[in-house]
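Should a chain be cited, it is by its letter among A, B, C, D, E and F, assigned in written order, with residues numbered from 1 in that chain.
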Amino acid sequence: MTDTPKIVRPRRELVAAIRAIGAATASATLTHLGIRCAAMAGPVAWTRGSVVAGPALTLQFMPKREDLYGDGEYRDVEKQLHRHVLYHVEPGDMVVVDARGDMRSGVFGEMMMTYFKGRSGAGMVIDGCLRDWPNIAKLGVPLWIRGVTPNFHTQTDLMPFAVNGPIACGGVTVIPGDIVVADDDGAVVVPAGLAEACIAKAQKDHEWEDFSREMLAGGGDLRRYYPLSDAARPEYEAWKAKRAGRNPAR
Amino acid sequence: MTDTPKIVRPRRELVAAIRAIGAATASATLTHLGIRCAAMAGPVAWTRGSVVAGPALTLQFMPKREDLYGDGEYRDVEKQLHRHVLYHVEPGDMVVVDARGDMRSGVFGEMMMTYFKGRSGAGMVIDGCLRDWPNIAKLGVPLWIRGVTPNFHTQTDLMPFAVNGPIACGGVTVIPGDIVVADDDGAVVVPAGLAEACIAKAQKDHEWEDFSREMLAGGGDLRRYYPLSDAARPEYEAWKAKRAGRNPAR
Amino acid sequence: MTDTPKIVRPRRELVAAIRAIGAATASATLTHLGIRCAAMAGPVAWTRGSVVAGPALTLQFMPKREDLYGDGEYRDVEKQLHRHVLYHVEPGDMVVVDARGDMRSGVFGEMMMTYFKGRSGAGMVIDGCLRDWPNIAKLGVPLWIRGVTPNFHTQTDLMPFAVNGPIACGGVTVIPGDIVVADDDGAVVVPAGLAEACIAKAQKDHEWEDFSREMLAGGGDLRRYYPLSDAARPEYEAWKAKRAGRNPAR
Amino acid sequence: MTDTPKIVRPRRELVAAIRAIGAATASATLTHLGIRCAAMAGPVAWTRGSVVAGPALTLQFMPKREDLYGDGEYRDVEKQLHRHVLYHVEPGDMVVVDARGDMRSGVFGEMMMTYFKGRSGAGMVIDGCLRDWPNIAKLGVPLWIRGVTPNFHTQTDLMPFAVNGPIACGGVTVIPGDIVVADDDGAVVVPAGLAEACIAKAQKDHEWEDFSREMLAGGGDLRRYYPLSDAARPEYEAWKAKRAGRNPAR
Amino acid sequence: MTDTPKIVRPRRELVAAIRAIGAATASATLTHLGIRCAAMAGPVAWTRGSVVAGPALTLQFMPKREDLYGDGEYRDVEKQLHRHVLYHVEPGDMVVVDARGDMRSGVFGEMMMTYFKGRSGAGMVIDGCLRDWPNIAKLGVPLWIRGVTPNFHTQTDLMPFAVNGPIACGGVTVIPGDIVVADDDGAVVVPAGLAEACIAKAQKDHEWEDFSREMLAGGGDLRRYYPLSDAARPEYEAWKAKRAGRNPAR
Amino acid sequence: MTDTPKIVRPRRELVAAIRAIGAATASATLTHLGIRCAAMAGPVAWTRGSVVAGPALTLQFMPKREDLYGDGEYRDVEKQLHRHVLYHVEPGDMVVVDARGDMRSGVFGEMMMTYFKGRSGAGMVIDGCLRDWPNIAKLGVPLWIRGVTPNFHTQTDLMPFAVNGPIACGGVTVIPGDIVVADDDGAVVVPAGLAEACIAKAQKDHEWEDFSREMLAGGGDLRRYYPLSDAARPEYEAWKAKRAGRNPAR
């Protein structure tokens, strides 16, 4: 029987806090913590408007070698490793796949994706493609992928090789259990050990940003309002006071 | 006068059956018939939600050589070969173009595409670009292309070179008269001589798939429901009986 | 203090006339004036359905060299050159950025884009990416870009280097003050000195095109209707007369 | 039996004259005759120091489709099309191959190349690879290729498809019978119909070039000696007179 | 302490027999055993004229993540994983490195390579670069690499990540202990379990090949001599008899 | 008249010291000074075995725009900007060219290179190609380029645009007057302002390296000899003493 390792999941409130930060702030904040680039390049938001975060389950593909990936996979479907990463899915999990950027391999099809949704997975990031898009589209699962293809996963050059090991996805190393946060800007890996520091650093409140945005939208001077200059601070205080008056309950 | 060869079209019911199968099943089934990769990589579904199939008329571009493509083409428009592939269009035909993946050549513009639609062409697959997208978009012709450009077809590096000869499109060899099926997964070439075998092999009914999909969507176990295990078969039979009761007329 | 050069703007009516022509006609017409390829390849219409034209303000990125782009940029935000191109924006201007095709650098984020909109900029063309797309999307600024990323502009390999100098964007040289016209086909550079000639040449009226389009859409023969043949001219005259009767006020 | 078309060879003295011109002058001269780029990009001089020219025999590869390239090729070697282009070789011929830039297909191996040499072929240009390089190297056949590989020609993605038809090689269209000239700068296609004009235009003697080269090598001023300025002409005449005295027999 | 797994080496005579076969024959023979492509694409023969074979020790690089590859590596050099693969080297071993095709990371420098040579390693295959080439060149170690760079291994984007695990190198999966054979055609992976079958299949003697080569070199007909036709067999027998007379001791 | 700016050259002894360090040490040392990557990727050592360093004169190419690069360049050769960078050459200077990685533009030909040699230029780094290689090869000028082509500099897509301005070459920003050092590992930019610090940091003598190299070459343990361990230090001292005895004059 195929046995694949479990992952250690970060605390739920960490995941929720990372999701609240979003991909852009997570990436910028990690840079200030010493991680030069935590954003994956390649997989793009395929289902616009989603924001998800979750611990990473990982699946690694390798170049197909026929002596290592043989007929057995079709006689005994349990030998198909790409199924196994799905067996681990718990509600809120992200599946992250290194499919080597291949545009002719569809990692999962409709039935697999239906199962993933049935298990309440949060979303998927694939450095490669899916298959059966006409049907998968209807499921509404948040996806960051390179594209779609009619081909199945082992039809041309790849074979699934490992579950829940370290992988490279979109040029970033992902360790199982890291928190992946993804929105329309793309997907970012927050190393599990840096999640708390990232959250703490990102939450320094720029409470004047709403004010500045309003001023800039009205044609205000960038030099005056972003970042907020000392000269504009009284104006901001007045704006804040006025708004507080308007929304006393806030 | 420019004379270009006609194609032999497959029987209509074959085309209809291939369309019913769709790109993903066609590609997978052809693999089992010995065709490793019949799916074109490069052209992508530009008009989402279409499913079309039809016999392939082909147009081949080559690198422009000014001694072979001269001023005559503008003095006598009938010398422009890309017009000629359109003269062959009958209702339901697909036009497949090898534009060498070029991103700076717009193979057809609005007027040509209007003519194509007027002739009831089924759709186009272009390993390259179209031009006049703001107007072509309104026509609603199903398209699988790499992109769009403001440039016309011979503005930079290419010239049309042959009509209804064999071409390579998206890494797949296309013989005129082959059946091309395309949907949101992409475009697949079904060799005319394999169409019947492909249909026969693909139609082996997985009648339990609707049941399994429902179970998986509800959180059911992949090992139990996909493929359908012997253990789950009684459950499936009960589901089928119940459904039959609900939809007696079906 | 950082000082960057101003641009010389073409007359407003030239810009309006170029906008009326659109990207495809501008590109084709410039070819006939001797400019082989004025269409940028790389940046694509990210906000579908826009048509804009305006004089080009330019921003150039270069490979980051830490001795040239240091900590000062964060202590004194006025040293950040990408801000300066925005200081020049007047209503109707286009900002054109050579970001070297980089997919891991987000040239501007939400606040900068809000300022750009507040200044009534016409649109942006970036050979690279933006950041903060979930928020920028709401602004409705017309954009031609390669993609989006969670990374900020100097996070990985680039630094802003010059404002309102000549740049290469999408394989085309852009001189500040050139007119950039962009629609769903892409973005085209109209050299300021060729704008009048381009307009004059493009406006030769093909008054029969509406007629031909209608005929082609109804299945008419391309040889007869496009370009309009002598044989079809009486038919066209009749159509025109009939239409004039229907729309006397026109 | 497989039958492939013969080519029409240009007159021998044209070929000899083109060879004397060399690749760089041929390419530049063709530009002045209206051929923008006759130089192939991709195949590079693999055997340094050769200068060859000859009429082009052509071989075209296409993406392998297993229904078109089957077991028959191994049961009946005469079905292997890449053999057939070699059957046409006459002394001084060039074989030009469109192998689609593929780095995993070795178009010919040692035995084929030995036969080519035995037939006194002039050289080969391949937009792709050879196989058996350890042995082919010993033959001393002039070669312009992308590289070498251990794989044979149909091992992975390609199949030979046509002999002595038009092909694209290195981004240039080649018509069988065109003159290909190649040296360490690369390979250039001289269209058969332009060979005479090319020769005539290239032979305008820059008799002062030897003088200028000598002056420049000694630190002379580029402005004075290249191209030869009027100011330097007396100096040149003196040099010529002196040299004539030194080499009366020349 | 860092501990990395040992490999199981194939029997020496298998390695010697694979070396005798060479890369081209190994690749072709493996295809006939079901391995579509065992030849690595990317690393090329950097030291011409070598033929080596040996069991694969493997080193895997991954995208650098600063939280995983920190300062410790410089305080404690034993943490540098790329050293560890060298500790395993026994005479005749091949080191195979997945450096992700990176052109800005020099996997090993002069001192490491000197150690490798001192340990009598057979050669290296690197999907990436070396550093210190002016000095490494003098060592004469057989190398298949993509190029050279002045940068050290972790200077830009990579970090060594694992020793003697499965890797992908040049698009081929390599399992530690597989036999890698490399010559001027490139490097080929012979799976340990297929080595005997590969040798057996490859050694079917084409004893007539020397005869055919001689005939082809002299202008003989490919159809007659390659493969040897029945018609030419008597000629071959005569040649063999004559040669035997000339070299009685052979 | 065309006027192009002069450069400020660093002191000769700085250049000599950087040359003595070599490309690999310069690149590594600059990293420790905060410059992540000073090594150019793309241009490679075309003339093996050279080591040169010199101040950078720069030449920038841009995408050709026919309205900016017209016939005048051929009527008045002094308008050809690529000539002008050569007018600045003083003995020991390096010419560095951003030719945008183009493989179809030969930046300089034989006569220009002869002039460069006559002026005692140290070498050239071109992110692009040269032309006339059969003749340039004889000059023996040290070169780091991407390749060669038969095409001249403005034949296809480029035009020379600026002399002695900042450029990007091989992914690195070069400021005129920076010191470029190049050898078989490639070319490295040493910012003029960091040259002294780089030299100081690089010259920390690893006097034990010769000893360690000898030990490693003889099969010594990497852990013991590189870097030199405390355990091996007495052995090293003995070796040094013995060598001193053998070479008293050294």
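Everything that follows uses one rule, which is that contacts are C-beta pairs under 8 Å (C-beta built on N, C-alpha and C of every residue); 3 or more make two chains touch, one makes a residue touch a chain.
On a predicted model such as this, the values are computed, not experimentally measured, just so you know.
Enquirer: Among all the other chains, which ones are in touch with both subunit B and subunit D?
Expert: Touching subunit B as well as subunit D, we find no chain at all.
Enquirer: To lay subunit C over its twin subunit D by CA atoms, how big a turn is needed, in degrees to the nearest 5?
Expert: Between subunit C and subunit D the superposing rotation measures out at 180 degrees.
Enquirer: So which chain is the furthest away from subunit B, centre to centre on CA atoms?
Expert: F
Enquirer: Tell me whether subunit E and subunit F, two copies of the same sequence, contact each other through the same residue numbers or different ones, using over half shared as the line for same.
Expert: Both copies, subunit E as well as subunit F, present different residues to each other, with under half of the numbers appearing on both sides.
Enquirer: In angstrom, rounded to a whole number, how far apart do the mean CA points of subunit C and subunit E lie?
Expert: About 51 Å separates the centre of subunit C from that of subunit E.
Enquirer: Counting only Cα atoms for the centres, state how far subunit A is from subunit F in Å.
Expert: 42
Enquirer: Between subunit D and subunit E, what's the gap in Å when you average each chain's C-alpha atoms?
Expert: 32
Enquirer: Would you please write down the residue numbers of subunit C that are in contact with two or more other chains?
Expert: Residues 36.
Enquirer: Run through the chains and report each pair that touches.
Expert: Result for touching pairs of chains: A-B, A-C, A-E, B-C, B-D, C-F, D-E, D-F, E-F.
Enquirer: Which of the residues in subunit B end up touching subunit C in this complex?
Expert: 77-78, 83, 86-87, 103-104, 106, 109-112, 114-115, 117-120, 131-134, 137, 147-152, 155-156
Enquirer: Under the definition above, what is the set of subunit E residues touching subunit D in their complex?
Expert: It comes out as residues 22-24, 26-28, 31, 36-37, 39, 41, 44, 51, 183-186, 188, 209, 212-213, 216-220, 222-223, 226-227.
Enquirer: Within their complex, state which residues of subunit E touch subunit A.
Expert: So the residues of subunit E touching subunit A come out as 34-36, 38, 62-68, 100, 157, 161, 166, 168, 171-173, 175, 191, 193-194.
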